[in-house]
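Here it is, the structure, as structure tokens.
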Amino acid sequence: MTVDVDDEEKTWWRSPLLRTSLAGLTLQNPVLAASGTFGYGIEYGGLVDVTKLGGICTKGVSIDPWPGNRPPRLAETPAGMLNAIGLQNPGAAAFAEDYLSWLAEQTPAVVVNIVGRTIEEYSAVAAFLDRKAGIDALEINISCPNIKKGGLSFGTDPQAAAAVVKAVRRVTSLPLIAKLTPNVTDITQIACAVEAAGADAVSLINTITGMIIDVNRRRPLLANVFGGLSGPAIMPVALRMVWQVYEAVKIPIIGMGGITSAHDALQFIMAGARAVAVGSATFRRPDTMVEVVRGLYDYCREQRTSIAALVGVAHGGAH
Amino acid sequence: MCQDDNKRQFITRITSHRQLTRDIWELRCDLPSGMLSASPGQFVMIEVSPSLQPFLRRPFSIAYRQPAPSGKGEEFAVIYRVVGEGTRRLKSLSPGDEVNIIGPLGRGFTWPRRDDRRPVLIGGGLGVPPLLFLAQRMVASGVVPQFFAGFTRADQAVGLDMLSELGVVPVVATDDGSLGRRGLVTELLPDPPPGDLCVYSCGPLPMLQAVASWCRTGRIPCEVSLENRMACGVGACLGCAWPAAVPESHDRDSRRYVLICKDGPVFAAEEVFAFDR
Amino acid sequence: MTVDVDDEEKTWWRSPLLRTSLAGLTLQNPVLAASGTFGYGIEYGGLVDVTKLGGICTKGVSIDPWPGNRPPRLAETPAGMLNAIGLQNPGAAAFAEDYLSWLAEQTPAVVVNIVGRTIEEYSAVAAFLDRKAGIDALEINISCPNIKKGGLSFGTDPQAAAAVVKAVRRVTSLPLIAKLTPNVTDITQIACAVEAAGADAVSLINTITGMIIDVNRRRPLLANVFGGLSGPAIMPVALRMVWQVYEAVKIPIIGMGGITSAHDALQFIMAGARAVAVGSATFRRPDTMVEVVRGLYDYCREQRTSIAALVGVAHGGAH
Amino acid sequence: MCQDDNKRQFITRITSHRQLTRDIWELRCDLPSGMLSASPGQFVMIEVSPSLQPFLRRPFSIAYRQPAPSGKGEEFAVIYRVVGEGTRRLKSLSPGDEVNIIGPLGRGFTWPRRDDRRPVLIGGGLGVPPLLFLAQRMVASGVVPQFFAGFTRADQAVGLDMLSELGVVPVVATDDGSLGRRGLVTELLPDPPPGDLCVYSCGPLPMLQAVASWCRTGRIPCEVSLENRMACGVGACLGCAWPAAVPESHDRDSRRYVLICKDGPVFAAEEVFAFDR
């Protein structure tokens, strides 16, 4: 690769060394904001220069407004946190009206995370968003409770996961990313099912289900009893799943779970991720994502390599 | 969506750190020039540990601002109780150390007001510090507020020196009578409340509810400052939700909750306390 | 309960307040050493007063000696660690000869953790140990790779898990504890299967599969690629599973995963565990287990309660 | 199974903590009276953080022992390089601070010996410190060892002051020739080795292998000190396994590995290096 070094130094976050392509879209760099941890972008205004990111995955959007769970919704755990937000969101119409234009103007790539309680709800929100300008891809959060199947998540059953992806595929031509839940025996089964159903990429991992007991009250601390574990604590599990899925599917992987540094992001990339997302770490240090981009750039420069060349290298042989 | 973009991340320096009571400390830091807009009721998120444990920042109200001892610029104070690992870490920091903060955050108290109601400040325990900053501002604008302060015991009292510097004479109550009157601070309030007051309150939830009820009987405006566990502090994670009192106008499901970090921490009492349910 | 307080103070670790019964055996207190983290007990000689524990679960024992995995076998992770020991052990005969008499003499209760690569191997080691004196219970580690089924763990499939328990049940009259793996979609399915197959209790959780990449070498850090995540990082996941299993089965639960304090142990007990095990924390602070016993005693005294009364209280209603 | 039960957990106090080179520090602590049996080659596990992160202790060799400056008892030293979070934490501790240690751990160097071979100590980089303690003991028993020390650069050299105090004159090599001879320390060894030597070595793995080969050519006994990641440090977790050289007598599968923390960290070279494979 020939690169004009001086020019590049000034615009490192969009250096060709960092470019990555994914589900039919090209990202200026591989670092995304993870869904649900960056709101609709504007909330971090003043704290994060979103123009330097690869893109933003929005908070989950449903066709109708969802109220979310009763508080308490948060708890801190060793090197991590539990959340039970319950996918509170204003609904697709309000999202499109209130947030989409800012996102489309400010951010290099807009990935809208979509949620539903039935296959019909997933299709409805996808069809609605398909008609809106400014969206680069949809990320289907299949970890939502499937209310027709007694609340077990769509993402824990290969058939249900495939059914959601197929239904959404039918109503939109946007690139589709299936966001997988780690709460399964064999994540490669789910990954293969969504690949066969037409997903252009997979995102993993979503949070691991956990809980905490409030010893004083002798009751679960979260009103919802269970919450999703995220943050550095889960990174080894996330990396393992990225590694496994890389060996099982051909579609690109967006890796996430506990990333706080470029060093962490490199591990995901070497395990097989073409892009990464930073979630909980943003709460601690809003500038984490931009620091990760810079760190990846420095690494590529020092090591005379590029993100594209690093994807999956830890597997040794060719993919 | 319009967003208040004053909030920034700053590395600031500790100017002093002293123990006020057995478990309460006062931390003063340089006020970054980017935080000059910080107003009473607003808060900062402090990174308490260089390691990943504890992972999240901790929210603390701004207790007051004052000229820096160096003569250049200002400093701000945070008064906090050591309750867990995060505050234990904070305690171990020394003057000269750097701290990473995000601020100013949230919506503070409404002051100055458009009407000429007489302000009454009612604080309980560590609810007193944010009201010090409000009292500072009121005195600076020529209004000396009434101040009611409740503590569990005399040795838990904080902020009284600052109030006397300001010329504010607080009415104090302690649970055990070891300072001021014995009993709850809300028992000291005149009943019924004079109709020309406006009330600002911060403290434990039962106290705030009692204060809000009292205000309601007199139909006087009441602002309360709430707390909740926080992750982001900026309205992004939706973690600090609090049930809204659901006035009719809020017909959409998604408005069932307010966010303490962004819509608050200061609310008009009727936004968050539903008395009619 | 009437208790002579003065007498008790001197022998707090065997206060009636702490007594717990489990799989047909009564423990003086509910704190066990977790399998694989306390060797065969003697290794911690001088560092831990084992007479004050509820008991010890030994490192996994197989019928033949197992060499274990190539090094590196360990890595540290945020608030946790990965291990890929590969169940190295000297085999049942050497175990019985070299370690059992010390264990039986010194420790209040001896639980021998058993492992195998086939159902026959599990039966063989159980039958062998059944004839030895000094063993109070067997803990069947069903997380071992099932070599007849391509290496997937016995513990991830309800049928395979039940088959192991049934086979072991046939050859021994010792109390049987099935140790469950968390790497499953629905742990209650496995718990119900082993309960039906004759397990007297369940232990959970074993480690969560994870990995780490050595960025310098661009290869997995552990020679075995994958390792098991343990330590405080996993505690919310462990607690959630104890909670779920408590609602699904009638047999007692031994809870573990990330316990470092009495406060943590109380969370497990309130979630439904009748006993707890401390694993990785012992590496950091060998006296953790004894501190936990003391902390539980103090809590019971202060709160005028007992361990037996606290089991499962966080569920609210009666079990 | 017979077990060396000298190991205990101690809270000890830092007596001094100084920077030796850009990234190497020397920590001295009171030697707990329960650790009086600590001998050269043994190590301690230090708890480096009060929080759960980093979670595990860190192993460090005992670099030397000496009378405490207070006049009462002894102190011991650890010389360490700052390489990661754990050692960064360690660095932040000050004299007077408490540290939680477990020790003495492992099997050290064989000294005194039953034969009268002339001891040669060969250290590379941070392999030099544990050999200081061994040299101390040798000198105390009236034997002045030969000492070869290799470093990357002059500014990485440690232990030379201690050696000169002991009256040991080391032969030094540095990679760049900035101190002593230019090249590897193993290039300074006489070839073939005199047959009446016994060798003790600690340093990077390639150096140890070269030293062991050299000893083998002269059929002289060689002890090497190895390192590996550790969790327990006491032989319980089986995490620090190292491939054994599998002499015929070790017929059982379970002896395919030795444990660095319990069987070592010091081994006879032929236990851990298989030259014939």
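Residue numbering begins at 1 within each chain, and the chains themselves are lettered A, B, C and D in the order written.
Keep this in mind: a residue touches a chain if its C-beta (ideal position, glycine included) is under 8 Å from a C-beta of that chain, and two chains touch if they have at least 3 such contacts.
What you see is a predicted model, and the numbers here were worked out from it, not measured in a lab.
Novice: Which chains sit in contact with both members of the pair chain B and chain C?
Specialist: A, D
Novice: Name, by label, each chain that touches both members of the pair chain B and chain D.
Specialist: For chain B paired with chain D, the chains in contact with each are A, C, in label order.
Novice: Rounded to the nearest whole Å, what is the centre-to-centre distance of chain C and chain D, using the mean of the C-alpha atoms as each centre?
Specialist: The mean C-alpha positions of chain C and chain D differ by 35 Å.
Novice: Which integer distance in Å separates the CA centroid of chain A from that of chain D?
Specialist: 47
Novice: In chain C, which residues are in touch with two or more of the other chains?
Specialist: 78-80, 231-232
Novice: By residue number and range, which residues of chain B touch two or more other chains?
Specialist: As it turns out, chain B has residues touching two or more other chains at 52-54.
Novice: Indicate which of the five shapes (line, ring, star, complete, other) describes how the chains touch one another.
Specialist: Shape = complete; every chain linked to every other.
Novice: Write out the stretch or stretches of chain B touching chain D in their complex.
Specialist: Residues of chain B touching chain D: 49, 51-54, 85, 89.
Novice: Once bound in the complex, which stretches of chain D touch chain A?
Specialist: 52-53
Novice: Considering only the defined contacts, which chain C positions touch chain D in the complex?
Specialist: 36-40, 42-47, 59, 64-68, 70-76, 78-81, 83, 85, 88-91, 94, 98-99, 102, 231-232, 260, 280, 282-287
Novice: For chain C, which residues are in contact with chain B within the complex?
Specialist: Residue positions touching the partner: 78-79.
Novice: Can you tell me which positions in chain D touch chain C when the two form their complex?
Specialist: Against chain C, the touching part of chain D is residues 1, 3, 5-9, 47, 52-57, 100, 102, 228-243, 252-257, 262.
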